[in-house]
Structure formats: C-alpha cells, structure tokens
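In the two assemblies presented below, chain A is common to both, partnered first by chain B and then by chain C.
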Partner chain A sequence: MITAFVRSVGRYGLFCWDCGVSAWRHGVRWDRVMGEASKLGVRSFGVLAVMALFVGTNLAIQGHAAFSALGAQSLVGMFVALAGVREVCPLLAGTMVAAKAGTEMTAQLAVMRTKEQIDALEVMAIDPRAELVVPPLLGIMIALPALTIISIAIALGSSVAVAVWQLGLEYGDYVDWLVSNITVFDLTAAMIKALVFAVVIATVSGWFGFFSERGPIGVGSATNKAVVVMCIVCITLNFFLTTVLYG
Partner chain B sequence: MSSGPLISVGRYGLFVGAAIRACLAGRWAFREMLEHASTVALRCFLPVTITALPFGAVIGFQGMAILDLFSAHRLISSLLSVFVIRELAPVIAAVLVAAQAGSSFAAELGAMRIKEELDATSVMSVDPIGWHVVPRIGAMAIVIPALTILAGAFGVFGGWLVVVGLEGQPHGVFMAHLAQDLTTFDLGASAFKGLVYGVLIGTIACWKGFNATGGAEGVGRAVNDTVVLSVMFVLVSNYLLSSLLFSGVFR
Partner chain C sequence: MAEPVIRFQGVSKSFGSKVVLQDLSLDIPRGQTTVILGPSGTGKSVLIKLLVGLLEPDEGSILVEGVDVATATEAELFEVRKQIGMLFQDGALFDSLSVADNIAFPLRRHTTLSDEAIAAKVAELLAKVGLEGIEELMPSSLSGGMRKRVSLARAIVMDPEIVLFDEPNSGLDPVTSDEIDALIGRMKDELGMTFIIISHDIVGTFAVADKIAMLYNGGLIADGTPDEVLHSREDVVRRFLKRNMELPPL
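Moving on, here comes the complex of A and B:
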C-alpha cells in the first residue's frame, strides 16, 4: 500500500513535470487561458457567494457565543476578521473551486480518455497536456485569488449584518474592530494561499482525469478520488502555509 | 424535459417522499444499510481524521496569536473546544463524507442507471428505492454523527499538539479549561448537526445518481453536482442549525 502510494506520488510529479515541459515547448495560448478563467469565475461565483454569505454569518454567531461568555463582545469583530481573512475564506474558495471546477475538469478529461479522444489528439501529434491541462491550470491560477478576495468581501459583509441585526452589537464598534484587524499582508497571504491551492486543484484534477480508467465507472471513481485528494491536500497545505506565513 | 430550479426542487421532494414511503412501509434492506455504513465509515475515517487534525492546529495557532494581545493564553483550550466541537467537526465530517462517500454513491447509482441495472431491479419487482436508495441514506445518517464526534476529538488533539507541543503551555492548564464552556448539550447538538447533514447528503447523492442520464458524461455530471450541492446545503443549513441550537432557544 505504501509503495503504491509512493509510486502514485511519483507519477503525479512526472505528470506535473510533463505539463510544465509541454507548456514551455508549445507556448501558452493566452486566449484560451483567459476564456477558462472567465468561465470558471462566472460559473463558480454564484455558489461561492452563497457559501461565503453563510460562512460570514456562522463566524459571527460562533465568535459571539465564544466571546460573550468572557464578556468581551468587541472581540467578535477581531475574531471574524482574523479567522475569515486568514483561514476560512481562502480554504472556502479553494474547496469550492475544487468541488465545482476541479471535478468538472476531471470528469471532462476522463470522458475524453474513455472516448479515446486523448489518444486521438496524440495520434494527430497535438500535445494533449498543452491543449487540455495547461490552459485550465493557468485559468484557475488567475480566477481563484480573485474569487478569494470576493468571498472575503461577502463574508465580512454578511458578518456585519448578523452582528448588528441578529446579535445586537454596536455597528461602529464592530466595524472598527473588524477593519482595524485586517492588514495588507493578510490579504496578500490569502492570495498566496489561493495561488497554491489553484496549482494543487488543477494538477490533481488533471492527473486523475488524464489517467482515469475507461467507462462510466472509471469516470465516476476518478472524479470521486480527485475531489477527496484535493480537499485533504488543500487543508493540510493550509496548515503549513499558515505556519510559514504567520510563524 | 424542462428543468428549472423549482422543478428540480419538486422532483427532489418527490424522490425523498418515495424514500420515506419505502422506509415506512418496511420495504427496505436493513443488512444492506449496515454494509454501506461500514464501508462509508472505513473509507471516510482517514480523510476525516487527517483533515480535522490540521484544522484544530490552525485554530490553536491563530487563537494563540489573538489571545496573546490580551495575555489570556489560558483561554485557548476553551475557545478551541467550543469552536471545534460546535462548528468545525460537523462541517468537516459532512464535507469530507460528501466528497468521499456522497460522490461514490452518486457514481455507483449513476453507473447502475446507465447500465440499466436499476430498470432490471424494478423489472424483477424489487423496488430500487427500497433496495438501493434507503439503505444508502440510512448509512449516511448513521456514519456522519459518529465521524463528527471523531473529528471533534482529533481537532482538539490537533490544537493540543500546537498549544502544548509547540507553544509550550502546560498540559494541566490546557485540560483545566478544555471543558469550561462546553456542556453535554453541545456534544449532542454537534451529533445532531451530523445527523441532519447525513440525511441531506444521502438524499442529494442518491437523487442525483438515481436520475443520471447521458452515458459516462452523465455520471461525471451527477458526481460533480452532488459534491457542489451537498457542500452548499451543508453550509446553509449550518447557519440555520447554529442559530437555532446555540442561541438560547433550547437551553
């Protein structure tokens, strides 16, 4: 089991290397990259907005529950700012894009593998990696940091709404604690995290789709494995990124 | 076939109604449910634990930074346990089970639909809902609460590793404040959240898989939709459940 794991990590590394090499050799088609980025951004925006809305409300409610026990209600704003901007929103946008765009990419590639379209591309001397994997990879790297910033804005906004209307905190006080605890470094760190997650999502979903087994069961199981691995790797990397960026 | 969002909600409602009818009429496979439950538990155990651990560690890490400003380090463990057990553990367990088992349920049922195995079952006058769907929903409803408790334990342990292991807080101080703001009600509420998410994810996954159309692409689409819809509705209902359970209505 361990040898199988090490072997697949090695294969994944080789796949990433091959993608880099074919991007280098065949050049990047920026029109397709921008197309992927805008498609991804538009498609994921609605779901992400709904999720960010409810994540912001939850952070406010739980922060209030935790800190009102200590009689320190003003800390709620600080808690929401730190937890939301530094940890939750980058992870939220990452897992959301993994669940939506990542699985879509895996399923698409797996279907192309099933229908032997990838083999057909190779036969026609078109590099399938440069054609199918590199544009979405760069597209996700452009879209995910933007989506992260948008989700931060929505989550903070909804937390203000809940804090003022549902929990009855003072508006000026809350917003003051919220805003004064967000630095430019925090936002930059959130975008760095998003960039790392983007690379993980695109390469992992590309790898599972590219080498999936043929047939409907193969497509299903490739998608399934891809989404689990993406979630685990993103959450684990988040811990290391936090330690490096804030340690 | 038209498929606006309202029509989909209606179809989902009818599907859930059919599952409830089959369940109440006793036309469902109990042993099947136990088998699904044990596979789900075994396959989700590792993903849930290895994601809960770094989550707790991150909270310990950032929480120490916040409490540092007030030199109130001793409160870290109560903050950690409240946040992990009430909020994070149910959501982590639900999201990971949705990603691992929910998507595999959708893929299984979708492949059965594409290969006309479901039609074959009903031709043999075995109700596919009672035989394939209800046991899967029941398995989710059993496993997610259990994994929620497990995720809570591992999340707190992850926090302990950072707070006691790295930052050097004495173990006794950590343990003394751990259960300070936590009651049995919180543990029950956490497991209850897991139960609600289990039913939600189970029904969404089975509905999407059961109604998959269009060959291999259809199965991929069903899996994709399952994960997105489950995660979205888990977060939305998490807000409603948190407001309901922890706002003082029940205590």
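Moving on, here comes the complex of A and C:
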C-alpha cells in the first residue's frame, strides 16, 4: 500500500512536470485561460457568496459567545478578522472551487479519455496537457485568489451586520477591531494559500481525469477520488502554510 | 508491391503477463489500402496505437516514413502524427464543439489559414463525405454513421499521407455499414492516401482491401492480397473467413 502510494505521488509529480513542460513548449493560449477564469468566477460567485455570508455571521456569533463570557466582547471583531481572513475564507473558497470546478474538470477529462478524445488530440499532434490541463490550471490560479478576496469581503460584511443588529455590539468599536487586525501580510498570505490551492485543485483534478479508467465507473471513481484527495491535500497544506506563514 | 510507408519490425507488446503481439513484422505499402483482420482481442487496436505512438512497444521498431516512432523525440513524433489522420471507433468527436469546429480543429492548431478558407475546406470535406450543410450541428445530435463520416472528414482535413480506420463499421447497422464501406472505397480512389483499416468485418474488408494482414495469437497468420488470403491453407484463417464468405476449395 505504501509502495502504491509513493508510486502514485511520483506519477502525479511527473504529470505536473509534464504540464509545465507542455506549457513551456507549446505556449499558453491566453484566450482560453481568461475564458476559464471568467467561467469559474461567474459560475462560482453565487454559491460562494452565500457560503461566505453565513460563515461571517457564524464566526461573529461564535466569537460573541466565547468572548462575552470573559467580558471581552470587543475582541469579537479581532476573532472574526483573524479566523476569517487567515483561515476560513481561503479554505472555504478553495474547497468550493475544488467541489465545483475541480470535479467538473475531472469528469470532463475522464469522459474524454473514455471516448478516446484525448487520444484523438494526440494523434492530431496536439499536446492534450497543453490543450486541456494548462488553461484551466492558469484560469483557476487567476480566479481563486479573486474569489478568496470576495469571500473575505462578504464574510466580514455579514459579520458586521450580525454583530451590530443581532448581537448588539457597537458598530464603530467592532469595525475598528476588525479592520485593525487585518494586515497587508494577512491578505498576501490568503492570496498565497489561494494560489497553492489552485495549483493543487487543477493538477489533482487533471491527473485523476487524465488517467481515469474507461467507462462510466471509471468516470465516477475518478471524480470521487479527485474531490476527496483535493480536500485532504488542501486542508493538510493549509496547516503547513499557516505554520510557515504564522508559526 | 509498392514501397512500404510503414514497417513493423520484430514488434512485441505485452500487458502484464498477457502477450498481445510477439515479434510481429509487417510492411504497409504506400498508397494502398491494407486491412488488418483478426478476432477480437488479438491486438489489432494495440497495433494501431503503437503506430501513432500512443503505446510503446516492448521490443522492435515501427518506422513511419523512416522515423522510428518507438524512439522518436516528441517533436519527431508530432511531425509523424501530422502525416496521419485517424478515424476512431466511436468517432472521438469533441462533444463541446460543433461539427464545423471539430473538422476545423487541426487546421486551427497547425495552419495559419483564414477563417474563410477553413470554412470553405470544412464545407468541401462535408460534401465529400455526403453531409452537406450540417456545420452547426453538435456531435450529440448525429447518428452513428454521421459521426463516422464527420470523423473521417476530420481525419483527412490535413491531407495526411496515412489514414487509420479503427473498426469503421463497429456499432453500425448493415445498411449504414455498407455506406461507410462505399465511402471508404470512394475516398481510396479519390485521395490516393495510404489507408490502414482495423476490422473484423470480412465482407467489407474484401471490398476495399489491396492487402490483408491477419493477426492471431500475437502474430501474423496471413499477409497478402485478398486473393492470397482467400486461398490460405491456415485453418484459423479459413474458419475466420468461412463464417461470412464462401471459400474456394483447397
């Protein structure tokens, strides 16, 4: 089992390397990259906005519940800022994009593998990695940081609304604590996390789709494995990134 | 016999313990139609995948216009592939692209032709395969026979030297199957390309083949003109052909 795992990781590494080499040799089709980025942004905005909205509200409620027992309600803003910007929103946007765009990419590639469309590209002397993996990879790398920033803005906004209207905190005090605890470094760290998650999401989805077994069972299995691996890898990497950036 | 455009020399290929091809040597003559026959699971599709570099042989060489695809660099392999068109079993048309975009796909990637020139070429090829005016249809709305025809149009859009047909009759009703055979026969006369057809449709094979190679147990058990194969004394060949044809007495 360990040998199989190491072999899989090695094959995944080679796939990533091949994608880089393909982009280098065959160039990047930026029209497709921007198309992928805008498609992902438009399709994901609604669901991410709803999720971020209620993440912000719940962070405020939980912060209030914890800190009011200590008589330190003013720290709620700081708690929401630290948890939301540094941890929850990058992970929320990443897992949402993994579940939506990642699974779609895996399923599409797996169906193309089943229907011999990837073979057809190769026979046409077209590199399928450059054609099918690199544009979504770069598209996700553009869209995910933007979606992360949007989710941060919505979560913080909704937390203000709940803090003021539902929990009765003072607006100016809450916003002061919120804003003063968000630094440029925090936003940069969130962007770094988003970029790392983007690479993981696109390459893991690409790998599982590209090398899926043929047939409907192969497509379902590849999609299932891809979303599980993406989520586990993103959450694990989030720990290491937090350790490196804040530890 | 015409000079070979493709030479399989001592090619072996196994998947795990299953030996699919064993020391196979075969010449494909230029400008002729070679049909590779054989029962299911005898490595016909593997042979074609080895030829286009989708699989690597365990041993042996596969020379296409003198380039060994087994050892070629990626750039060399791409140049070889530009000389090859392929009709896949189920067409392998891109679901998200219209018929016109499917056929135009290789042109857009490999040439600098204008949109007008590409549209004209697409219309010309659709007329050639008997499907005028379906440029805007999506592959999902095509019948099996239409998909094969569109796939054939895409396979020849770059005017390749070699065209590969992987089971062109599979999944088709007898009438459509006859139409595809007739289309292949007409294309053969019109285009003068080297055709390689993987098939187990015996009647269709004898209608279009200049040469027949029959695979069995990882090797060739027949290799010659249709008449030579028809008169083969090999028991397996005779049993395979007898099911669909009346064989001459030995």
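We adopt the following convention: the second predicted complex is superposed on the first by the 247 of 247 C-alpha atoms of A that agree within 3 Å, B and C clash if a C-alpha of one lies under 4 Å from a C-alpha of the other, contacts with A are read in each partner's own complex, and residues count from 1 in each chain.
The rule we apply is simple: a residue touches a chain if its C-beta (ideal position, glycine included) is under 8 Å from a C-beta of that chain, and two chains touch if they have at least 3 such contacts.
Remember, it's a predicted structure, so these values are computed and weren't measured experimentally.
A.B. asks: When the two structures are superposed on chain A, do chain B and chain C clash or fit side by side?
C.D. replies: fit
A.B. asks: According to the contact criterion defined above, which of chain B and chain C contacts more residues of chain A?
C.D. replies: B
A.B. asks: Tell me which partner A:103 touches in the superposition: chain B (first), chain C (second), both or neither.
C.D. replies: In the superposition, A:103 contacts chain B only.
A.B. asks: Is A:68 touching anything from chain B or chain C once the two structures are fitted on A? First, second, both or neither.
C.D. replies: It touches nothing on chain B or chain C.
A.B. asks: Touching A:123, do we find chain B (first), chain C (second), both, or neither?
C.D. replies: second
A.B. asks: In degrees, to the nearest 10, note the angle that opens at the C-alpha centre of chain A toward the centres of chain B and chain C.
C.D. replies: After superposition on chain A, the angle is 100 degrees.
A.B. asks: After the superposition, pull out the minimum Cα separation from chain B to chain C in whole angstrom, please.
C.D. replies: Across the overlay, chain B reaches chain C at a minimum of 10 Å between C-alpha atoms.
A.B. asks: Taking the contacts chain A makes with chain B in one complex and with chain C in the other, which residues are shared?
C.D. replies: Touching chain B in the first complex and chain C in the second, residues 111, 115 of chain A appear in both lists.
A.B. asks: Report the residues of chain A in contact with chain C in the complex, numbered from low to high.
C.D. replies: Touch residues, chain A against chain C: 25, 111-112, 115-117, 119-120, 122-126.
A.B. asks: Touching residues of chain C toward chain A in the complex: what are they?
C.D. replies: Counting only chain C, the residues touching chain A are 49, 52-54, 74, 77-79, 81-82, 84-86, 88-90, 92-95, 105-106, 109-110.
A.B. asks: If we count contacts the way the header does, which residues on chain A are in touch with chain B in the complex?
C.D. replies: 47, 50-51, 54-55, 57-58, 61-62, 65-66, 69-70, 72, 75, 78-79, 82-83, 86-87, 95-96, 99-100, 103-104, 106-108, 110-111, 114-115, 166, 215-221, 223-224, 227-228, 231-232, 235-236, 238-239, 242-243, 246
A.B. asks: Taking the complex as given, what residues does chain B use to touch chain A?
C.D. replies: Result: residues 47, 50-51, 54-55, 57-58, 61-62, 65-66, 70, 75, 78-79, 82-83, 86-87, 95-96, 99-100, 103-104, 106-108, 110-111, 114-115, 181, 215-221, 223-224, 227-228, 231-232, 235-236, 238-239, 242-243, 246-247 of chain B touch chain A.
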